[in-house]
Each structure stands twice: as structure tokens, then as C-alpha cells.
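For reference, the structure discussed in these notes is given below.
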Amino acid sequence: MNSKNFELISHFVPKSYVDQANQVQNSRDNQIRLLLEKRKIPDKGWPEDQVELFLGEFSLLDSNNFPDNCGLGEREGRIFSKLVSRKNYHFSHGIGRSGDLAEVQPKAIGSSVLNKLTNELVLDLLKLSGLSNVVDCIIAPMATGMTLTFCMLSIRQFKPSAKYVIMPRIDQKSCIKSITCAGFIPVIIEPNKVLDELVTNLHEIESQIIDLKPESIACILSTTSCFAPRGPDKVEDLAILCKKYNLFHLVNNAYGLQSTKITHMLNQALRTGRVDVIVQSTDKNLMVPVGGAIIAVSDKETFHRITEFYPGRASFSQSMDILITILSMGSDEYKCLLKERKECFKYLKSELQKLAQKFGEKVLETPNNPISIAFTLNNFGSNSKEITEIGSMLFTRRVSGVRVVVPGVHKSVVSNGHLFKNFGSHSSSTDYSYLTAAAAIGVKIADIDLFIKRLNKILESAKTPSH
Amino acid sequence: MNSKNFELISHFVPKSYVDQANQVQNSRDNQIRLLLEKRKIPDKGWPEDQVELFLGEFSLLDSNNFPDNCGLGEREGRIFSKLVSRKNYHFSHGIGRSGDLAEVQPKAIGSSVLNKLTNELVLDLLKLSGLSNVVDCIIAPMATGMTLTFCMLSIRQFKPSAKYVIMPRIDQKSCIKSITCAGFIPVIIEPNKVLDELVTNLHEIESQIIDLKPESIACILSTTSCFAPRGPDKVEDLAILCKKYNLFHLVNNAYGLQSTKITHMLNQALRTGRVDVIVQSTDKNLMVPVGGAIIAVSDKETFHRITEFYPGRASFSQSMDILITILSMGSDEYKCLLKERKECFKYLKSELQKLAQKFGEKVLETPNNPISIAFTLNNFGSNSKEITEIGSMLFTRRVSGVRVVVPGVHKSVVSNGHLFKNFGSHSSSTDYSYLTAAAAIGVKIADIDLFIKRLNKILESAKTPSH
Amino acid sequence: MNSKNFELISHFVPKSYVDQANQVQNSRDNQIRLLLEKRKIPDKGWPEDQVELFLGEFSLLDSNNFPDNCGLGEREGRIFSKLVSRKNYHFSHGIGRSGDLAEVQPKAIGSSVLNKLTNELVLDLLKLSGLSNVVDCIIAPMATGMTLTFCMLSIRQFKPSAKYVIMPRIDQKSCIKSITCAGFIPVIIEPNKVLDELVTNLHEIESQIIDLKPESIACILSTTSCFAPRGPDKVEDLAILCKKYNLFHLVNNAYGLQSTKITHMLNQALRTGRVDVIVQSTDKNLMVPVGGAIIAVSDKETFHRITEFYPGRASFSQSMDILITILSMGSDEYKCLLKERKECFKYLKSELQKLAQKFGEKVLETPNNPISIAFTLNNFGSNSKEITEIGSMLFTRRVSGVRVVVPGVHKSVVSNGHLFKNFGSHSSSTDYSYLTAAAAIGVKIADIDLFIKRLNKILESAKTPSH
Amino acid sequence: MNSKNFELISHFVPKSYVDQANQVQNSRDNQIRLLLEKRKIPDKGWPEDQVELFLGEFSLLDSNNFPDNCGLGEREGRIFSKLVSRKNYHFSHGIGRSGDLAEVQPKAIGSSVLNKLTNELVLDLLKLSGLSNVVDCIIAPMATGMTLTFCMLSIRQFKPSAKYVIMPRIDQKSCIKSITCAGFIPVIIEPNKVLDELVTNLHEIESQIIDLKPESIACILSTTSCFAPRGPDKVEDLAILCKKYNLFHLVNNAYGLQSTKITHMLNQALRTGRVDVIVQSTDKNLMVPVGGAIIAVSDKETFHRITEFYPGRASFSQSMDILITILSMGSDEYKCLLKERKECFKYLKSELQKLAQKFGEKVLETPNNPISIAFTLNNFGSNSKEITEIGSMLFTRRVSGVRVVVPGVHKSVVSNGHLFKNFGSHSSSTDYSYLTAAAAIGVKIADIDLFIKRLNKILESAKTPSH
């Protein structure tokens, strides 16, 4: 409501109240002005009603909400169901235009502005998280795997004859599939082992680059966040290799944004070597539903080549989830969450160590993995069935996210693809069983206590000879 | 609430009321039973409260909503903002698993079931729309362009050495980009002209197949829904060509689902020739926000190869929008909407014809295009600036979706790509200006009246010599 | 958002789009300006998103939504549950102040303004409905019965020694209770019968006035809307009597607002005689949930004496429901609904007449009752149990609101109160059974068809000799 | 969804998942069973989605939500606006029947059950709060003032010739109005002073009883929660007086539920003397929007006489707000809130004492008032304008709820009513200015800090000689 309309309320209430109303309205307008001018995450999160009002004011700028619009095109943003309209805050036109994700859609000024604003706020978030050397970013309307594929497809523009993508082994199906889906052949590099940690085998990677020839390699796909005992890849060294051999460097930073250890490592790599694109999950880092990823880049040109490359329009839903979350959270709360996660990680480690001692097991020594912890299961059965049973029991007792890994499963993820020995353990040479647990953003001490209590009970019962 | 709990309300109300409550509850349970058993769209749409209750019951089955869950993984479906949680009906885990879009996610039984149910309901919808020969379908969590890219990437599995995609010319950037994004070279075929309609040049396509060699061709990408004066491609003939030369046939049926003329043509093609995959937009056909597409296939194996090929998880948001819409709409209302659209198309045509007569213009004769109509602009200016001004005036007067096309713009959509002469008109030989208007699903007679009124005013003013 | 902030979106979108955004915003601001300036119901209803935005902007003006407010009083409008906050659109402070319903609450400027606005819009609605001689009105935060009580309590201010309230008999418990609750003794006047209609016995009323003495009579409580065969009271004649004997005249116009026949009669009474206060239900006339009533008055002084008389604050919920409804509906739609109701009434009557003919029954001749119709049940059983069974069958078959009346029930509503012979029939002399059905606002032809079908089936089965 | 329907999801997901779904569903059903069986507040609050689902299942039992209902009555619960329907969770029929607030409405089984359930849960809450000797209670759909009036109207049934209500002086307009609105003459008793506290003058009350005669006195209206320096009335002594003289005793316990000191005192009074009805505000004690009150009684018969006395139906909105709040809160959280309030009170007192010392003022000694604190303003101006300015400055700086009291205002609240000397200060003999601040439920330490900071600043600036 503009200030003239505010004056009209003097019909209903005395002048002094009108003044206060104006003052309240001004301070809100001021908040919005700051947001639009600075495009930084507010320190303090906004209350829900204010966030909704903000969205509401912009959704009125989309043509599907003009009361007197007449739409004679093939896509007019009509929404049949009021429930659907409401759940999308009356936004309907998606984002992008003519196949440029970053373009403005004339029919949808409101969503265009908010989408761009959200991208800028996410850039601020990346910097808050420690990625200060990142130059630009965009929210991709696809989860991490498909976004990695899209990035590799974009890279093909620059290097049409490349065939291979070199990837330090990571046993997640979607990582491998993201390469084959883009039409490249994954070249999987087995890790080295330092203490219990699986680390990037730089030597082997360099020989592969030389063998396959740099010009036939689309990119190196490194991974920063993973289940222990694998550690984050040595992205700084890889960045230097990429610089040396003029290779694209794509980083799968799926849930690495939440660890300053990882972001600082990446930031260093951006500064000293070559990192072209860093992809991170929105759900894993920002506590929104699955469906988006953040593409962060180190130079403006790459950025434009990527966003222009996108064929068509896309859902605005993911951006909206992020915008609402960022505005409601504020940077103060975000920093608290990062701090809390770090403390939970330490607590989880120490609690697992106590349990390890009790059951004669071991928490694997993986000093570089700041999120996931592996706990051996040497004394819980002689065959894989007995050990995997522990996983089922955890699932049934509503512990989610914990994985039990037993060596001996050999698998090729895609038909006729690379055969992964001991799939799930990130290494052909794994010879023990273990479980992994992670302290991810949003976890609470109470979750860990509950987990330890349930795990303890299961391990106790598993130890007991069954009848 | 189970029936035992219903009995407990007898503490509060007399027996006869408990009986009525039970009866109401049973008839609702029955509706749900029918839905889950038959997996067909209900005839009559459900009221909003019932739809929400249904979603609510399933969202409780996702682990992020278990009150006593403890999540120790890297993705636990936590949602920071209650607004975001609510707008996603508390679903957070997305769909798919380990890179198979059709797989069940153990952490998310509720969304897994609803997602699968929605796919089956959409299959029913395709059949209702006339595509009875389609065998299976899935909602892709990406809009039409990126979904076409994904389908072409999938085709590469079967034909790794293919380089080309043959496409009868359609001047939409995202169609062309969808090919180049997938890493293929578009081979654009100029149309023939029959009456005023631009029709598929089958002869030229066959010579290209022979010239380029079938084994180097990934697929033919045909288009059924487009702006007049282009007509839908002759998919039946193309299907026969594809069968003859053993070529994949991918159909961009963007907004063709809403026209039985088009679906019957496609159905015929499925029966007599080769059609592998038909892609259609969810927003354009189902009146949901932009963001999804339906991949329909003619055989089960192709289907599995495609869904398995997807790298990673994806947003559930699009499926949810569709599920809510389908349940709220019911098949009766859907049929009404199709019928209403058809009538609006006729009305739009006749109204434009009246206007054409008044202004000495012509409605182009494009008998096969059942959705879009072209109206010449011969008498409204000597240069392109004057004519495109009509487009701006329509935009300013809140007529959306109408395009003014003026020949003379030559453009290559992607860098170093094919040069399109007279871009926007689908043909190098276009030598007149025109505007297009479409009668798409959800349009009302009142919209058309408003449009005609505004257009008439603009044309009148444009005719007046300016000062 | 103010216009300066709008300018800031030029960072994200080209100038021409900013202009359109401004234009959209201005036309919305204009709508609000008109509303606040004229305080008339808009012709065309507003879309939902606009209504919510409007509420949202005002709720920010209530102190419980100030981000930096600190509340050190005993009532600070804190809301524990976000669900409750949301369902109340974040309004929490209620309405009124220090026991004046019409007063502004300094802590709650937003709700104070909206509450006053709503009252003015309701006044417009009363006038639209035909009550042009009403001078002011207020929404009472209580349903009709308690509001009538409150009005009678107010009247006691003016006439402290009065003991009686004269009421032409109406067999609704809450009407009688409203009198006794206010501490008065109801003097019930049996009706006369004209054709089949029960009409006000003016003669008997005048003798009672004379007998009891005008100074001992608090008011006459007349009723305009009722179940056939009772007709609306002769309010014009009663108004003249009240004028003659200087008596307060309180009208229970529960659902009479929806009938122009009734409102015109009332309007006439306002002009020629004495009508002090007219009370109408909000749920029955405006299709909102139960809980409010409209107190309309014929002079400003009475109005102030009533609103000042209210002890304390009250719920804003009822006003909000009305405000949302009025803004969403618009006056055009309201007029349509009134017209549609009238037609439904005619249709219901003619359909019941057909049924009456078929079953040898009669639609009672009650020419002055424009809403309710009575249908005899002479041939459906010899005892009351058999006949009332028809009511149960209708209830079980989900026909609601139809009442079966069988003479012979004698009842006093309040302990030691007046004994009503043939309670439910509004007359001691009723000697036949009947059912009543009404065509109230919002009813559809389809409802009537369904009712007639079900009633027909029940009557057919009731006729068949049972085994 | 019943268990049979759950079985049907085995079409979509493997058996083990169906089992987990069943398990989840069962544990939820169990929670509901417990609630309906025990009718006690759950220990742990329910998550929002579960609360909404629970409401949703019951709203389906109201006839306005039956898909095949046809309504032919005058009130069919139709809701015009979907926004209104949604904000009322699709409940429309209100509560009560034929003027009995506690009765079941056949058209609305769902809301009838929930309303009764809510009353039982509120009874549990009263007992949790310390009122264990209360026998029954009901939520009145009116705020405290009008509810007090209604209770006094009910008392008139038992004592038709009574004229007076004795009330120890409390300077709140709505308390006085509640008496006059009910048609009684308030007999105001000036307090005694003990330390700085204004306490009930029992001696004067007893002489008034004797003077006026017990049979002419409707009741004693005592007040437990009030602004310092007034203390809670000596309800135990008053209860003994009432017993002795056979007088009704009505307690205005507006916000006393939140203090165990007050509830224990009341509980004692219930046990040893006579307390008939205790009325408390729902907004002030339960953090819901203004609009309801809780009527608690000491014997079943009084209870029935009151609920039966209500004329007509009433809004369900207030009960719903309470039900949602209670279920979301759980008893554990409620106890925490009570404890937190108590600590905030202590903190507020000690912070004010520090400030008093700094500015040469005094925190008044009112040992029995557990919620409100008075702070003298002796050194801030020679005239009332200067001192009241402090109140305005607090208001402008967004401190709400703090009152500045300056003696010298003499006022009669109702026309021709009792003249209150030094209105606002609860005593004719007040000879100093002061401000009051309260620590009410929901207040946080941060609020107090903010208040103290702002107050300090204002007092500092007020001290400075102005130019």
C-alpha cells in the first residue's frame, strides 16, 4: 500500500495512530529497500508474515495474476487448482526465457525479479560460507546429479571432441551416472589410503591425463563431501593439475557448503589453481526439499555460456523455497547453524568413540572428513547377512541415514560400465565392514543421543548369541 | 483415523451420530480404495479439503515427519522454514533413488507412493486425451526443453556414434537448444507450403536420412503443436520413415495433449509406424506452474532405459502439483475443458475472420493447426518497427501470448549454429507480417472477447495517420 | 512496497518492465484507495491473493507483529501456535477497547481500521439489500440469539423498570431464551391464521400493551424470517404501534437480509413507524461460519449507546470472515446470489407442488413467506413416530435442514416458562403434520433436484405397507 | 485412511515398506486413541501437520463438507469464500444447539466432538495450573467482560430479585461495565493499604452485605489478577463470607491461570468457602487471539444451568484456536512456560529495582501480586502532562502494555455511575504517580532487557532539563 492510501486510514483512527502506522510501514519499506539495494542476506531473519507479504507483492506482477489480463498464447500461467496456486504463491510462469535460465520473462516480472534476487542472495550465502573467490552463481532447477550432467554438457561446447571425464572414485550411483548421461566415459581413479582415510591418488590421475591426452578429457570431476572413510578430494592439487594441463575442473561439492574446512579448501583452489564450476545441493545445505542445485563459477564468461545453454524454461519452485528460507533464516541464524553442526560432529565422534571402546570396535581415522564418520563392525557376525541386519534394525528403529557397508559387493553402476570392486566402500581394497554416520546441518545433540542409545541397544542385542 | 478411534467419539455424541460419522468415513475410505486399486482419475473431482487430507496422510509416512526419527545421514529431509514445509505439504525427500526416477525411496514411502500413483494417473489422462496406444509414462521434473535433451541423451545409449538430429524447422529457441545441449548437430528441414500452411517436407527428410546415413542419426525430432501458419508435423509419415530406416522418433508434443486432432494423429502414428517417445509440457496441458514434462513411451523397455538413466534424485513438487490438479479436476471436468477449448478455438477463428474483413486482412488458411491462428498485418505500416509496435501495444494493454512476426530477421540460435532466415516464421520464404493467437486449455470466451475488443481498438488507431 | 522500492527492481529487469510493474501496482493501489475512500463494496470481487495481501499489510500494523516490540502488559497478543496465527491472519488483539466495540485499540491499528472498514462495508451491504433507511450498523461478535439478548440489555439502560418483552410466537428456543437471558419476561402472542399462513395478531398485541402498561414493556421483539407456515411479522404495523405507545422495537431479521420482500417491508417500517434495532445473522445471510450478527440501527444515538455498552473486547474473527467474503464476492456477485435464491425458491415451490399432487398432499398457502415452504404429511402414518421417521430418513440420506413437524408436543423452553402447545408449529391450534424446506442464499437448483429425488423416494417407500 | 487402504500401497512399494507405513500409521492412531480415551493434554506437543490432519478428519464429519449433501434449511454452513473456509478449517456450523452451548449439533458431528473434547482438555489444563478443585468448565465464545455479564445473567435465574453486585474496586472499565450490562448496580468497595499494596477491605464488604441485605445481592465479584499496586483479592476470606451469607461468588480470574500463587489461593477458596464460577481469559492465559473465556465451576448443577442458559449458537473459532494450541503445546511445554514466566517476573522486579535506585524511585512493595509491578515516578515532572508523556514515549518506542498512572483523574465509567476518584489507581487515596509493567505468559528475558534499556533511556532524557 502506498503512503497516500495510508493517509486514508485517518478516516478510521486518530492522527497519532496514522503516524505510528506510517512509521511501521516505513521501517518495513526500509528493510525491503536494503534487500533490493544491497542484495545481501539480512542479519536477522524476517517473520513469516513479512516473507509472505513480500512474495505476495511480487506475484501480483506476474501476468497470470492481473485481474484484466487476457491470455491468447499457448502458455498463460493459468492454474486450475487453487491449492496448487496457493502452494506456488500464485507464481506460475517458471523462470528463464527462450532457453536462458538467467533471462527475464516479460509475462512474469515478479518471478523474474525474485529469481534474480535469489541468485544474488545465494551468492552472498556462498561467500558467508567461505567461498569468497566465487564470482557468480545460479540456482539450477535440478538436483545435484542432473546439474552435474548439465555442466558437463555445457563443457562439451568448449571441447567438442572430448570423450573422458576423470573422477577419483566415489561410490555414489548418481555421480557415475551424471557422467554417462552426459555422454562421456568415466575414468575412475582408485584412492590411496592414509591412516584409514581414502585420499585422492594424484599420481595416478596425472598419468591418466598424459595417457588419454588432455584434449580428449572433458574435465576432472572431483568430490568434496562424501562418506568416511573416503576423504574430500585434494581439490587444491587437482586445481593445479587442471591449470597445468588446461583441463576443466568441475567440483561436486554436494553437501560441502556446510563445512568451512571444505569451503576454505575450495577457496584456496580457486585462488591458486583452476576450478571452473562448483555444484552444491540446495536441500543438503539449505534445508529445503530436494530439487535444486547451486552452480557456482569462477568467471563471468563461463557463467554466461552455461546459463545460455539451458534449453527452455524451468520451475521456480526451488528458487522460491530458497528465497523463503534465506529470508526467514537471516545470516546470523545461518552462522549459528554452521557452528552447531560443527559441534555436533565433534560430539558424534566422541560418542562413537566411547561406543567403539565398549564393543571393541574402532572409529576410523579420517582426519580430513569433517562431516561423516565410519565405525567398524568387526565383531558383529561372520557373514554379510548378519552385518547388514544391523542396518535393517537401525532403519526399523527409525534411525535414518546410517549405512552399513560390507565388502564383497562388486557392481557396475551402468550397463557395461566400470566394475566397482567392493561397491559402497570407495575402494577395491576394503576388507572390513563398517557403518557411517554423518553430522549434517540441522542435526541436534538430541538426535545424536537418540542414535547412540539405539545403536548401543542394537549392538548389544547383536552381540548376544541368538537362540 | 481408524474405525476403533471412531468408536471413541461415542463418548461425546449419541450412537446414531457415531453411525453417521462412520458412514461418512467409509464413503471417503471407499473413494481412496478405488483410487489406489484402479489408479484411474475419479470422474468427479474431490473437494479441496479431501485432497489435502489425502496428501497429509501420505506425508506422515516420510521419515522427515516421524516424530521420533533421528537422522544421521547427509540428507535427512529437514526443512528449515515452516512456510517451505507447508508449501511442499511437508514432503521433502524428492523422488527417485540412486538415479532411477521410478524407484522407491525407503526414507520416503509417502512421496514414493504418491509419485508412482501420479504417474499412473497421468497415464490414464493420456489415454483419456486420445493417446490410447501409449504404454507407459513418467513425469519428468524438468520442463519440455530439458526433458527433450534428456531423452536425446538417453537415445545416445542405444546409438553411441550418432551425431545428428533431424528436425522439421520450428522457430523456438528451446527446441533447437535441446538438440545442441544434448551434444547433437541439428539438421533443420525447411517446410513446404500448402495453402498458407507450412507442412513437413517428407521428401527432403528422406534424402537427408540417406545422405547422412541412418546410423549417424540419433533421431527425428518432430513437433505437433506450434504457432500458425506452421502446421503440426506429419507424424504418421515420419513414423513410417523411422520404421523404414530404423530411426528413433522423438515427438515434441508440447501442448498437443489438449487437442484430440493431434492426439489421434499421434495414436495412429504409434500404431502404424515408429514413435519412441512423446514429450509434453505439464503446465501447457494441465494448468500447473511451469516445471515438468510428461515422457510417454511406446514400449516398456525404452521406458526403463530412460528412467534408469536419470542421474540422481529430483523435485517432487511438479508431481504434487499434477496430483492435486488431477484429483481436484476429475475426468468429467477435464473432458469439459477440452471441449470448451475446442469451441473457443472456433470462436476465436470466426471473430478474427470478422476483424480481417473489416481491416482488409486475412486469417491464414492452416486447416491442420487446431490451436493457433495467424492473422496478416499487411496494411499496418511500411517498416518492421511500425508493425512490431502493434505487439508492444497489445502487451501494454494486457493482452499476453500474442506474437507479431515480421519477416527479415535472420538469426542463429546457438553460436555458430544454423542460420534461420526470417526467424520466428518457421520458413525462409515468409514474405508477410502477421500475428498469432492461440486458444489453449483454460481460455474462456470472455478472454477472446476482450482480446478482439482490444485488438480492434489498436488496429483502428494504427490505421489512423499519425501526426 | 512503496514506489521507491519499485524503482529498485530496475536492477533486475529492463526499464519497460519496471514501468509495467508500476502500472500494475498503481492499479492495485487505486483499488485500495477507492475502497478506503468510498467504503463501498467493490463491484467485482477481488482475487484471493489480493485479499490476503490486503489483510497482510494491515496485520503488520498490529503491535504483536512489530519485529522490535517488547510487550510488558498482561495482554500482548502473543500467539503460541503458528497455525493459530496463520488462521487468524496474524491478528490477535481482537476488537473494541475498554468496553466500547467501536473504539480503536492503540496496540492494534491494523485490526481497528479493518474492523471499522468492515462495519462500513456491511452498512453498504445492508443498503444494497434494500435497507436504505438504516443509519448505522456494527458486527456483533456473537450469534443472533446472544446479540438479541445484548440489545435487550442495552434497552434496559433507557427503561430501567421495564419487565416484559412482547413477542409474536416463534417456536425457536434461542428467541425465547434471548429474552429470559436478558432478565425479561416473554409475553408470547399467538398468531392468527390467514389462508394457511400464521400472521401477527396485532389486536392481541395492542391489548397486551394496554394491559401491561407501556412503561413496563422493554420492547416488542418481532421476527421477519421463519419457517412456514408462519409468515414474517407485520413489522410495519408493529412499528406504528411502537411509535404510538413509545415502545422500543427490536427486529429479529435472522435470515431476512437475503429477501428483498422482507427488506422492503422493513425499510417501509423504518420510514413510517418505529424500528430501533434490526439484528441479522452473518452466517445465514453472508455464508460465513456461525458466530456473528449485524446490529443495524435507525438512529446514531441508539447506536452509540449500544456499542458503548459492550463490556470489554471481542473476537475479530467474525469481522474478518465477513471482510474477506465481501471483498471476494463484490456487489455484482452478491446481487446474483440474491437473484439466484429467489429463482430457487420458485423452483422449490413448483417442484414440491408436483410432489404434493402425486402424493395427495398440499403445499401450504403462505404467500408472505419468501424463503420457507411447508408441505403437509397427512398420508404418511397414523402416529407421530411414523411421521417423524421421515425426518430421520431424510437426515440419513444427507438431506439437511428439512424439519418434520408433528403436532402434540407441548413444551416450555425455559424452566417455569410459558407452555408452548404444539411446539415447533408456532401455533397452539395446529392440527396437521408437515415438513418445511427453505431456499436460502447459496442454494443451487441441483440441491433442490437432489432433495426432491430423495424425498420422492422416501415418500414412496413410506407409503408402501411395511412388513 | 483405514488399514485396508494401507495394504493397497503394496502395489507401489515393497512389503517391508508397507509394514513401516503401517507401523507409522498405528503409532499415530494410538496417539489419537489416547487423546480421545483419556481426554488429557498430551505430554509432548504434536507437530503441525498432525494437528491439521486431526482437524481435517473431523471437519469431514460436518454436513457442509459432505460431497453429496443437499441442504434445504435456513442455515446450511455454506461458506462463500475458500479463504474463509480454509481459515476455519472448513468448520462452519459453530457450536451449541437450540441455545445450549454444550449440546451436540446433528449437522455438525465433527465440530461437536472437537468442541466437547476441547472443553475436557481445558479442564485438564485448569487442573495442571493448580485448580484441582474445579469440577467442570466450558469455553465461552466471548471475551472475559461479556462472559462475566453472561454469568451474572445466569445468576439472576437463581435470585430474580437481586439488585446489587459487590465488587472490591478494580479500575478496569470492562469489569464495571460487565455488572451494569447485566442490569445490576455495582457496589464498589475501596481497598485498604498494606505496605504499598491495595488489599481487599473485608470489613467494609461485610457491612455492605448486612446493610444491603444478602437477598438483594446477586453476587460478589472478586478479582485475582490486576495491575500493581492492587493485589489479588482475598478470595479465601471472600469465599468464607459468601458461604456465611449464602451469596454467589463470581471470580474474575482474567489472567490468573498463569500464576500458581493465584490458582492455589483459588483452590483453597474452593475447598473451604464458596466459589461458584471462575472466569478466565483465553487470550491472556493461552496465547490465542482475543475472543474467548473459560467458565470454570465448582458444581455440576450450576454448570448445566449456565450452559443451558445461553441463547443460541456460537462461534467455534475460539475453541479451535485453543484446541490447536493445546495439542501443539503439550503439557510439558505449558509447564515450562509457567516456570519461565515466574522467572521473568523475578528478573523484571530486580531490574526495575536497579533502575529505581539509579533514579531515586521505588518499586512498590506489593508482595501478593505475582504478575504486575509498579514503579514510582516521583521525580519526573511537576504536572500530569509531563509524567504521562513518559507513557507516550514508551508507546512510540514500541514498548507496549506499560501504563503510566497519575492521580487526579476522577471518572464515572458508566453514565450516572459511581465516581471513581483517581481512576486508574484502584484507590481514592493514591497520591503518587507510577508506571506498571507485567511479566505475563510468553514474555522472554530479551523482552525485559529491551524494556529496561528503553525505559532507562527515556527516564534519562526526561530528567534532563528541556530547552
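First chain written, first letter: the chains are A, B, C and D, and each begins at residue 1.
What we mean here is this: contacts are C-beta pairs under 8 Å (C-beta built on N, C-alpha and C of every residue); 3 or more make two chains touch, one makes a residue touch a chain.
This one's a predicted model, so the numbers in the text were calculated from it and none came from an experiment.
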item: Chain hops separating chain D from chain B, counting only touching neighbours; value: 1
item: Relative to chain B, chain with the most remote C-alpha centre; value: D
item: For chain C paired with chain D, centre-to-centre distance based on mean C-alpha positions, whole Å; value: 29
item: Computed distance of Cα centres, chain C from chain B, in Å; value: 48
item: Sites on chain A at which at least two other chains make contact; value: 20, 48, 52, 66, 82, 106, 395
item: Residue numbers on chain C that touch chain B, as the complex places them; value: 20, 82, 395-396
item: Touching residues on chain C, where the partner in the complex is chain D; value: 48, 51-52, 63, 66, 68-84, 87-89, 91-95, 98-99, 106-107, 141-146, 148-150, 153, 156, 172-175, 177-178, 180-183, 225, 227, 254-255, 281, 283-284, 286-292, 309-318, 320-321, 324-325, 328-329, 348, 371-372, 395, 398-403, 437-443, 446-448, 450-451, 454
item: Of all residues in chain C, those that touch chain A in their complex; value: 1-5, 8-9, 11-14, 17, 20-21, 24-25, 28-29, 32-33, 36-37, 39, 44, 46-50, 52-53, 56-57, 59-61, 65-67, 82, 85-86, 90, 104, 106, 109-110, 112-113, 116-117
